[in-house]
Structures are given as structure tokens and as C-alpha cells.
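Common to both upcoming complexes is chain A, partnered first by chain B, then by chain C.
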Partner chain A sequence: MAIARRKFDAVIVGAGGAGMRAALQLSEAGLKVAVLSKVFPTRSHTVAAQGGIAAALGNVTEDNWHWHMYDTVKGSDYLGDQDAIEFMCRQANEVVYELEHFGMPFDRLENGKIYQRPFGGQSQNFGGAQATRSCAAADRTGHAMLHTLYQRNVRANTQFFIEWMGLDLIRDEQGDVLGVTAMEMETGEVMVLQAKATLFATGGAGRIFQASTNAFINTGDGLGMSARAGIPLEDMEFWQFHPTGVYGVGVLISEAVRGEGGYLLNKDGERFMQRYAPHAKDLAGRDVVSRALTMEIKEGRGCGKDADHLLLKLDHLGADVINMRLPGIREIAIKFAQVDPINEPIPVVPTAHYMMGGIPTNFHGQVVAPYKTGPEEVVRGFYAVGECACVSVHGANRLGTNSLLDIIVFGRAAGNQIIEDLKKSPHHKPLPADVADRTLARLARLEGQKGGESVAQVGATLRKTMQAHCGVFRFADMLKEGVTKIGEVAEQAAQTEIKDKSKVFNTARIEALELDNLAEVALATMVSAEARNESRGAHARDDFPERDDEKWLKHTLYFRTGRRLDYKPVRLKPMTVESFPPKPRVY
Partner chain B sequence: MRFSIYRYDPDKDDKPYMQDYDIALEPSDRMLLDALVRIKSVDDSLSLRRSCREGVCGSDAMNINGRNGLACTTPVSGLREPVELRPLPGLPVIRDLIVDMTQFFKQYHSIKPYLINNDPPPETERLQSPAERAELDGAYECILCACCTTACPSFWWNPDKFVGPAGLLQAYRFLADSRDQASAERLDNLEDPYRLFRCHSIMNCVDACPKGLNPTNAIGKIKDMMVKRTV
Partner chain C sequence: MKELERARWRCRRGLLELDIVLQRFMDRHYSQLSDKDLQQFSTLLDLSDNDLWDMVTSRKEPEDASIRPLLEILQAV
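And now, the complex of A and B:
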């Protein structure tokens, strides 16, 4: 079967904040760039980010990037790479001002500067008083940012391929990346998009869990494509459970609620966070708060008839603050929890939210993997940024509002790096003869499959298994069993059957292809988690409750072939400042 | 719960038809989107767009018992049965509940939906008072779901000429921004018999907006600006 081919300087897969920030850099430099997205760009999941973007502007309290760096390293439970963290925190102010110049509608302080609010894990003076670092547009910061970036790309005439799904990565014999295969969803047509630079900005994969704040589209497509092409996945055991998802629904209730002064209560009306984090209380690291909620429920102090959730109280903030700073939260609470937070607390539970791991990269956005000489050789032609990447600035636990910063800083950095790299290698490499074989085989299998289980069934089993075996607290026997079960799910995923064979906007086919990616992510997560015999950040092992820096201060690398694990050292040396050596992490 | 859903697959159907579904919902299926996901788990050929499932991405706009809305924020409990679901009116149907939104986005793009300010940017943020920033409230929150525009008779008649409520609300968002310097150019861009003035204040848009925004009000303000600059 002959497949259409098109050539670009760069192909970006994903049009969320990271992809669009990179696209802007490339379009404005005059490169021929194609941006693929499964959804219209403003529907990408960045749109759902609520609370803010971290930057030490110091508009409210004194602040500087070095304190932000310390907080991020500590928040990561020392698993974050300190060179990348320094890079990110140093650039934060500049990229936020740039967004403002692009037209982003930040809230304002009386003096006309950008409004900032406190968030968890933010401190002054390396662990001192609470800092106020998150720049916000009400509780719709992601929406404001994503629309602004789309608008700016409209101005720059960026070429979007809207409702196109990336299917597989194209690599040649040397391992260089030469583009992707992709499908136009409206027609079912498959195309080879050849590129000198391929950037993945495909976002998260939170849909591997049953209770998730994530959108339906967050299926880890970039990770699946990478894993199938032999790229390892880094630190996949580290998943953030957000302390406050709406009970029974999963929709996110921003940490901004606690930043503005809200707090959590158990069934006795006790403000229990002061027992778990006497200093920071409700604004401790998210991993700490999620574990506290889980313990409260386990020990019988949960609320409701099943004692299975906690309450987030904010009525004391008053209607004015709620309507001005948290209007989206109020809307969500009324629609999804049937409570008006002006009068009543919101029922919440820890909910899968963010993937700290991903495709290994350096802080230029270049994908790095062990090949011949070391664990971090650049994979030529391949870049990744945002949630799908592991750079690693979040380590074992991400701080709130550092993700919007991550996508902008590294989206821009990767754009700049691609511009430089294309100056050095301005030509397309020849495509291998088997360029689309893997993709066509996957599609042919799906087309001809008889007697397989439905995508909905296998997907449900996958999510249920991840939820039960790889949640907030992890147990050796459950993980071991989980590896077996997820292995079975992956086999079922490879044999799903769809009834719909239409060429036109076949969402059944799309969901089946997404399930392939979810299965890769779930396997990587379970295998990596089972092997890490310590507790660090979001990875909390019942049988190894302590952090073990001697044995485990290292990044996991998961290889799909043979489900093999390898490890590489954490980059403890920052770019210019002194290293923050690991110490006990208390809030 | 009983549903009657518009079906059309150009790959196999000569013409559209309504298909009935009778489906047992779980207690957790509170929103219409939950019900549609459940239907799709039985009949995988039912095609619709959806993503965030919390009313911020704007993917799952459709016509629900005659009114435009988002499936993910519409509770099933209040819906009359059989729940009649159709694609958004006034746009070409690609398949089932999925419409071709090209015309909608073309109109959005036509208003130059980006900040225009030709001064060299300062070292830090441009200042804007809270009152100036408040002018953007009620406009910047638009999720481009197209519920409003596709509920507008003026858009149905002239989708190629009339910008429509969503596009005009965004035109106002930039006209109202104290940082934007292109007001005159923006008003010129709307000064013709169709682009702005086809709005006859029917207010279907206000009724349809799932985010509680008021495009008619914004359109009125643009008309005021037009009048003010001529006198």
C-alpha cells in the first residue's frame, strides 16, 4: 500500500502548552513546521490547569529563583535533576513576562502587576516562611495560557494538523528519528510526516487510572510510540495523586483553594493536616497531603456514610474571594459535587493527576537514551517536552504550578535547540524502506481481528487494575500481582476487536490505538514501581517506608523489550550554584 | 434511559436517521457524557468528540432535546425522554454528532484573535489595573464550543459573512483589553452590513452558552464603540 508522504523541517506531536510554545518559536524563526493534535488546539488538556504558573516575580512577597529551585529540589524528594531545575527556575520570570506580552489575561494586583498566590511547597529563604509564587488568571490559568498560545500561533501562521493522531515514531538503522506516521481522523488516511526534527509534546497518560483528573485524550501516545521504537521510559513509578479530586467524579479542585486559605477537614471537623505537616499544613507537598487523606480514610475518619472521602472547606473565604479568585471551582463544585462552596465544603479524595516520569530528555528538550557510550546519549532528531517528557524537574513529586512553568520553559528551549540543530544538519535523511510497516501492521491487525475483547472492556480492566495495585500506597504482593495482571491486559489490548470499520471519523479505531499506548504506560509504571524498594515522593511502599538514598537515589529506565529495567544517576550538580544535597524532607 | 440519536456515516449511509437506544445507567452516570460513553461501550460506532469531561475544553457541544449544550455538564436527571441528540445545527455533519467546524473557526480567525501592541515590550509585565483587567471577565473565558454561534439564526443564514456571537465576543475581548492598540483597525474590520450588524439581539447565544457568558451584551458594546467613533 502506497502511503502519502510530506516533508517538514519539524513535526510537533501535540498542541498543548508545550507543543504550542515550541511551535511558536519555530514558526517565528521561519521554519516549516507541522503541529499534529488529536483535538483542536484549545481543547488540549493544558486548558484544564487551574491554579497558576510558578515564577519568583516577587510581586507579593520577596522571592528569588534560587529559593524556587530549592523548593523544587526538595519537592522532588531529591530525584529531580538539579541542572534542569536551575535552568527552569532561572527562566521562570522571563517566560511569564513573555506570556503577559503575548496577551495572557493574568489577574492583577492593585499596583497593576501580575497577581500571585501561595501554593504548596513554596518557601522563602530555603525552607522558611510561605512564599507567594503562583501567577494566576483566576482559577483558569491553563485556559488563559492555552488560548493565548493558540492566538499567538494564529498570528505566526503555524500550520496545524487538527484531529490527526500520531501513530508511530520513524527511526532508521542508526537510531535517528526521522518523523512519524499519523492518521487523519476525519478520513482514516495514514501519512508519513518526514521531519529533520520530531518533537513530542503529547501530554500525560492519567487515563491509566480509574479515578483521574485527566481528560479522555490523555492516553500517553508519545510514550507508547517511543517505547515501541526502543526508547526507554524514565521514572514511570512516580505518579502524582492530587489531594483534591471531586469525590466520585475525579474532576480537579485546584490547590489554589488551599492557597487562598481553604483547608481540609475529617469527619470530626478536625483540620488534620496540622498533624501530618505541622509547619506547612494544607500546603505541604501534594504527595504528603494525599497520603494524609488516605490515612484518615483508612483509620476511619473519612466523611459520608461510607467514610470514604474528606471535606475541603472554603466558605470562610467569603463569596467575594470565591467569585473573584475561584469562580471555576465554584462552577465545578456546583455541577459535579452538587454543593455551593460559598455555603458548604466540597467532598474530595486523592485522584491520579500527573505523570512525573516520561521520555528521558536533557534540559534542551533533546531525548537522551543509553546507546553505546553512556546513559544519556542524544537521540538525533528527537525531542520531547512537557508532561510526556522526563527532564527531570519534578523528580518523585511535582510542586503545584510547576507544570505550567515546565511546559513553557522547555517548550521554548526545545524550539531554540531545534533551530540550532537544523543549522548544523539542514538536510532530511533518507527514510528507511520499512518506514510505515509497524503502523500498517497494527492497523491491519485491528481491521482483521475476530473474537477479541472490546476496547471498552480491556480499558476498564486496565484502569481498575492500576487503581487497585498501584495507588497512593503500594504493597509488594499487590505490585507483584499487578505486574502479572497488567501483562495480561497488555496481551488483551493487542487483540482487541472493533465493530466499527468505517473510514470516516472512526473513534472506535482511535480508542483502540490509544489503548495500545495506555497499555505501554501501565506496564512501564507497574514494572518500575514493583522494582523500587523504597519510598520517595509519590512512590510510597508499605514494606519500604523510608527513602533509601544509598541504593535508590537514581532514575529508573524501563525498556519495552523484555520489560527490562536499568538505572542512571540523578544529576545532582546544578548549572552554576551549589548542589542541594539530599536531607530529610519535612513540611 | 431512552435516547434517540442522530446517526450518519457517509461511508455507508445514504442519508441520516435517528437511532433509538435503551440503556441501563449506573448511579455514577450522572452527566449526559457518561451516558454516551456507556452507549459507546455497547455500540462502538457511535461517534462524538469529547475530552476534558468538565466543561472547559469545549469538545462535546451538541443539540440536546432541541437546545445546544455540553454533554459533560448536562445532568441526565433533568432530561426529558427519549433524550433526542443531534449534531450542532447550521454546520455540515461529518459523522453522527461530529460537525465540521471550519466555518466557525474561520470566523474566529477573521477577528484577529490575538493581542496587537507594537510597542517594544518592557523588561517586566505591562501594567494593567484590576479594573482594566475586569473588563475581560465574561469574554476571555470562552471555550470555543460553538453552542452560541450554532444557535444563532443570523449565523445559519450567513455563516460566511456574519462573524457570529463567539467570534464577536472574542473581538470584544481584544477591544476591551487596555494593552491592545488596534481598536480602530478592529472596528474597521467589523464595519460592514454583515460581520457585526447581522446580530439582531435574538439572544439565543446567551441562552445557549454553557459558561454563562453574554455575547449579545458584548456585541452591544462593540456597536456602541462604532457609534462613538462616528460622532
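And now, the complex of A and C:
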């Protein structure tokens, strides 16, 4: 079958903050850029970010990038690469001012400077007093960012392919990346998008868990495509769970509720956080609070008929405070938990929120893998940025508002790197003869499948398995069983059957293709978690409660073929400053 | 002809809140909509996530008052 082909200098899959920041850099340099997105760009998941973007501007309290760097290294539980972290923190002010210059409507202080708010994990003087580092545009920072970047890109002539789904990565025999295959949803047609540089910015994959704060589109497509093309996935055992997602639906209840004086209760009406974090109590770090909730449930002190959630109480704040400072939270509680928090507590559970792992890259956004001679060889023509990438600046645990910074800093850096790389290799490499075979085979399998599994059912089993076997607390026997179970789920995912075979906007087909990617991410997560015999950041093992720097101060690499694991050292040496050596992480 | 499928995909949003509300609406109400409702629903789906959510939570009034009956269904799901 003849497949349509189009040629670009650069093809970017993903139009969230990361993809659009990179695209802007390239289009403004005069390159021909295509950006694909499953949904309209400003509907990317970045729109959900409320808290802000971290940068040590020092507009409210004294601050500098070196303190920010320390906090990020410590927050990462020392698994973050210190060269990349230095790079990010040093560039933070510049990229935020650049966004301001692009027209992003940040809130202002009375003196006209950008408004900043304090967030957990931010300190002055290397672990001293609270810092005030998150720049915000009301509670809609992500929204403001996406709209600003989209407008700029339209002006710079970036070509958007909206409601297009990237399906597979194209690599030649040398392993170089030459573009992607993609499907236009409107027509169901498959096309080859050939490029000198291919950049993935497909965002997170939180939908592998039953309880998730992520939108439905976050299915880890970039990771699935990479894994199928032989690229390893890094540090996939590290997932951040937010302690307060609404029970049953996952919608995020922001830390602001506890900041205003709300607190958590178990079924006996006890303020249990006092037992787990006597000082910080309900305001302790996300990982600490999430583990406490999980322990309460496990020990039978959960609420409700299944004793499977806890309660977030805020009625004592009074109707005025709730209506004035937390109106959004009240709306969410009424709509999704059917309780009015002015009178009743909100049922909550720890909920999957952010993927620290991803496609391995260096801080230029180039994908690196041990596929030729060295452990971190650049995969030519291939770049990744944003939540789908693992640079790694978040290590084992991400600090709030560092992700919006990550996507902008590395989006821009990858753009600059591509511009340099294309100067050196200005021509398209010839496409291999089997360019779309993998994609066509996958589609043909789905088309012809008889007596297969339902996509919805396999998806539900996958999410349930991940939640039960690889959640906040991890147990050796559960993980072992989980590896077997998720392997079975992956087999079922490869045999799904869809009833609707039509071409136009076939959501059943799209969801089946997304399930392929979810299965890759789930497998990588479970296998990597089972092997890591220590507790570090968000990865908490019941049988290995301590961090073990002797054996485990290293990054995991998961290879799809043979579900093999390999490891590579953490980059402890920053670019210019002294290294921050691992210390116990106490708050 | 494929309006249902198209609408179903356009209910995929950046905010999980909207994903959930719109999915409930599709499952419970979409098939009973009149042509005029369908037209209006499509207009609502073209809004940005935050604008749409503000209307679903009654924080913002629609500019076009005739869209209110449809919005009330969305507010109640």
C-alpha cells in the first residue's frame, strides 16, 4: 500500500508547553516545523497546572538559583542528574522573563514585579527558611502559558497537525531516527512524516493507574513508540502520588486546602498525620502524606463501607473562608464527591500525579541510550522533552512547580540543539523500505482480530493491577505477582478487538492504539519497581525501607526486548559548582 | 454522520474535571439532543478548557443566553 509522505525539517509530537516551546525556537529560526497533537494545542494537559512555575527571581523573599538547585537535588532524593539540575535552575529566571516578554499574563506584586508564592520543598540558604519561588498567573498558570505559546507559534508559522496521532517512530538500520508514522483522526489515513529532527513531547502517562489526576489523553504514547523502536525507558519505577485526589474520580484537591488549615481524618476521627509527621503534620511532603494515608487504609482505619479512603475536613474554616479562598475546591467536591465541604469532609485517596521517569535524554534534549558503544550514546535525529522525557531533573521525586520550568527550559534547549545539529546534517536521510511496516501491521492486526478482548476491559484490568501491585507502598510478593499479571494484560492488549471498523473519527481504534502504549508503560513501571530493592523518593518498598546509596544510587534503564534491565550512574557532578553529596532527606 | 464520534473525541480535554463531566453527558444525554442542541454543544466544545469549566460550575454566564438550557444539563450531570 502506498502511503502519503511529507517532509519537514523537524517533526514534534505533542503540543503542550514542552512541544510548543521547542517549536517556537525552531520556527523563529526559519525551520519548517510540524507539530502533531491528539487534541487542540491549548487543550493539552499543561492547561491543568495551577500552582505556578519555579524560578529564583527573589521578588518576595531573597533567593538564588543555587538554593533552588540544592532543593531540587534534595527533593530528587539524590537521583537527579546534577549537571542537568544546575542547567535548569540557572536558566529559570531567563526563561520566565522570556515568557513575560512573549506576553504571558503573570500576576503582579504592587511594585509591578512578577508575583511569587511559596511551595513545599522550597528553601533559602540550602535548607533554611521557606523560599517564595513559584511564579503564577492566578490559579491558571498552565492555561496562560499554553495560550501565549500557541499565539506565538501561529505567528511564527509553525504548522499544526491537530487531531493527529503519532503511531510509531521511524528508525533506519544505523538506528538513526527519521520521523514518525501518524494517523489523521478525521479520515483514519496513515501518513509518514519525514524529518531531520524528531522531537517527542507527548506528556505523562498517569492513566496507567486507577486513581489518577491526569486527563484521559495522558496515555504515554511517546514512551510506547520509543520502547517499540528499541529505545530504553529510564527510572520508570518513580511515580509521584498526590495525597488528595477525590475518591473514585481522581480529580486533584490542591495542597492549598491544607495550607488554609484543612486536615485529614481516619474513620475514628483521628488527625492521624500527627503520628507520621509530628512537626509538619498535614503539610508534610507529598510522598510522606501519601504513605501515611496508605498505611491508615492498610491497617483498617479507612473510611466508608470498604474502608478504602480518608476524609479531608475543612468545614471548621467556615463558609466565608471556603467561598473566598477555595471556591474551586468547593465546586469540585460538590460535583465529584457529592459533598459540600462547608458541612462535610471530602473523601480522598493518594492519586497518581506525575511520572518522573521517561525517555532518557541529556540536558540538550538529545535522546541517549547505550545502544552502540557508550552508555549514553546520542540517538541521532531523536529528541525528547517534558514529562515524557527523563533528563533527569526530578530524580526520584519532583518538587511542585518544577515541571513547568522543566518543559520550558528543555523545550528551548532542545530547539537550540536541533538548530545546531541541522547545520551539521542539513539533508534528509533516505527512508528505509519498511518505513511504515510496523504501524501497518499493528493496524492490520486490530482490523482483522476476531474473538479478541475488549479495549475497555483490558484497560480497566491494567489500571486495577497497577493500583493494587505498584501503588504508593510496594511489597515484594505483590510486585512479583504484579510482573506476571501485567505481562498477561500486555498479551491481552495485543489481542484487542474493536467492533467499529470505520475510518472517520474512530475513537475505538484510537483507544486501542493508546492501550498499546499504556501497556508498555505499565510493564516498564512494574518490572523496574520489582527490581529496585530500596526506598527512595516516591518508590517506597515495605521490605527495603531505607535508601541504599551503596547499591542503588543509579538510574534504571528498561528495555522492551526481553524486558531486560540495565543501570547507569547518576551524574553527581554539576556543570560549575560543587556536587551536593547524598545526605538523609529530612524535612 | 460521524458527528457522535467527532463529539466524543472533542470531549477529550486537558482538564480531568471536564473529561469526566463530558463523558457522563455523552453517555446520558447526547443521544436525546435536538439539532439545535447539537449545534450549541459543538459551540461549547470549542471553548477553552477553563472557560467551559467556569460555565459548568456557574462561575461565568454564557454570552448567548439561549445556550442556558443545555448548560443546565451539563451543570447537573
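Keep in mind that, in the parts below, the second predicted complex is superposed on the first by the 502 of 587 C-alpha atoms of A that agree within 3 Å, B and C clash if a C-alpha of one lies under 4 Å from a C-alpha of the other, contacts with A are read in each partner's own complex, and residues count from 1 in each chain.
Here is the rule we go by: a residue touches a chain if its C-beta (ideal position, glycine included) is under 8 Å from a C-beta of that chain, and two chains touch if they have at least 3 such contacts.
Computed from a predicted model, the values in this text were never measured in an experiment.
A.B. asks: Aligned on chain A, chain B and chain C: do they clash or fit?
C.D. replies: In the arrangement built by aligning on chain A, the partners chain C and chain B clash.
A.B. asks: According to the stated criteria, A:114 is in contact with first (chain B), second (chain C), both, or neither; which is it?
C.D. replies: A:114 contacts chain B only, not chain C.
A.B. asks: After superposition on the shared chain, which partner residues are touched by A:90: those of chain B (first), chain C (second), both, or neither?
C.D. replies: Neither partner.
A.B. asks: Looking at the overlay, what does A:102 touch: chain B (first), chain C (second), both, or neither?
C.D. replies: After superposition on chain A, A:102 lies in contact with chain B alone.
A.B. asks: Does the superposition put A:332 against chain B (first), chain C (second), both, or neither?
C.D. replies: both
A.B. asks: Regarding the shared-chain residue A:248, is it in contact with chain B (first), chain C (second), both, or neither?
C.D. replies: It touches chain B, and chain C stays clear.
A.B. asks: Mind working out whether A:143 is in touch with chain B, chain C, both or neither, as first, second, both or neither?
C.D. replies: both
A.B. asks: Which partner does A:155 contact after superposing on A: first (chain B), second (chain C), both, neither?
C.D. replies: first
A.B. asks: Looking at 60-68, 132-140 or 186-194, which bit of chain B clashes with chain C?
C.D. replies: Clashing stretch of chain B against chain C: 60-68.
A.B. asks: Common interface residues of chain A with chain B and chain C?
C.D. replies: After superposing on chain A, chain A residues 39, 42-45, 47-48, 140, 143, 147, 186, 215-217, 249, 251-252, 328, 331-332, 335-336, 502, 504-507 contact both chain B and chain C.
A.B. asks: Which positions of chain A touch chain C when the two form their complex?
C.D. replies: Residues in contact with chain C: 38-39, 42-48, 140, 142-143, 146-147, 163, 185-186, 212-217, 249-252, 327-328, 331-332, 335-336, 502, 504-507, 510.
A.B. asks: Per the contact definition, I'd like the list of chain B residues that touch chain A in the complex.
C.D. replies: So the residues of chain B touching chain A come out as 9-12, 28, 30, 40-41, 43-45, 47-59, 73, 75, 94-96, 98, 101, 105, 109, 112-115, 117, 121, 123-130, 132-133, 136, 140-141, 143-144, 174, 177, 179-180.
A.B. asks: In the complex formed with chain B, which residues of chain A make contact?
C.D. replies: Within the complex, chain A contacts chain B at residues 39-40, 42-45, 47-48, 57, 93, 96-98, 100-103, 105-114, 137, 140, 143-144, 147, 151-152, 154-155, 186, 215-217, 248-249, 251-252, 328, 331-332, 335-336, 454-457, 498-500, 502-508, 511.
A.B. asks: Looking at the complex, which residues from chain C come into contact with chain A?
C.D. replies: 1-2, 5-6, 8-9, 12-17, 19-21, 48-50, 57, 59
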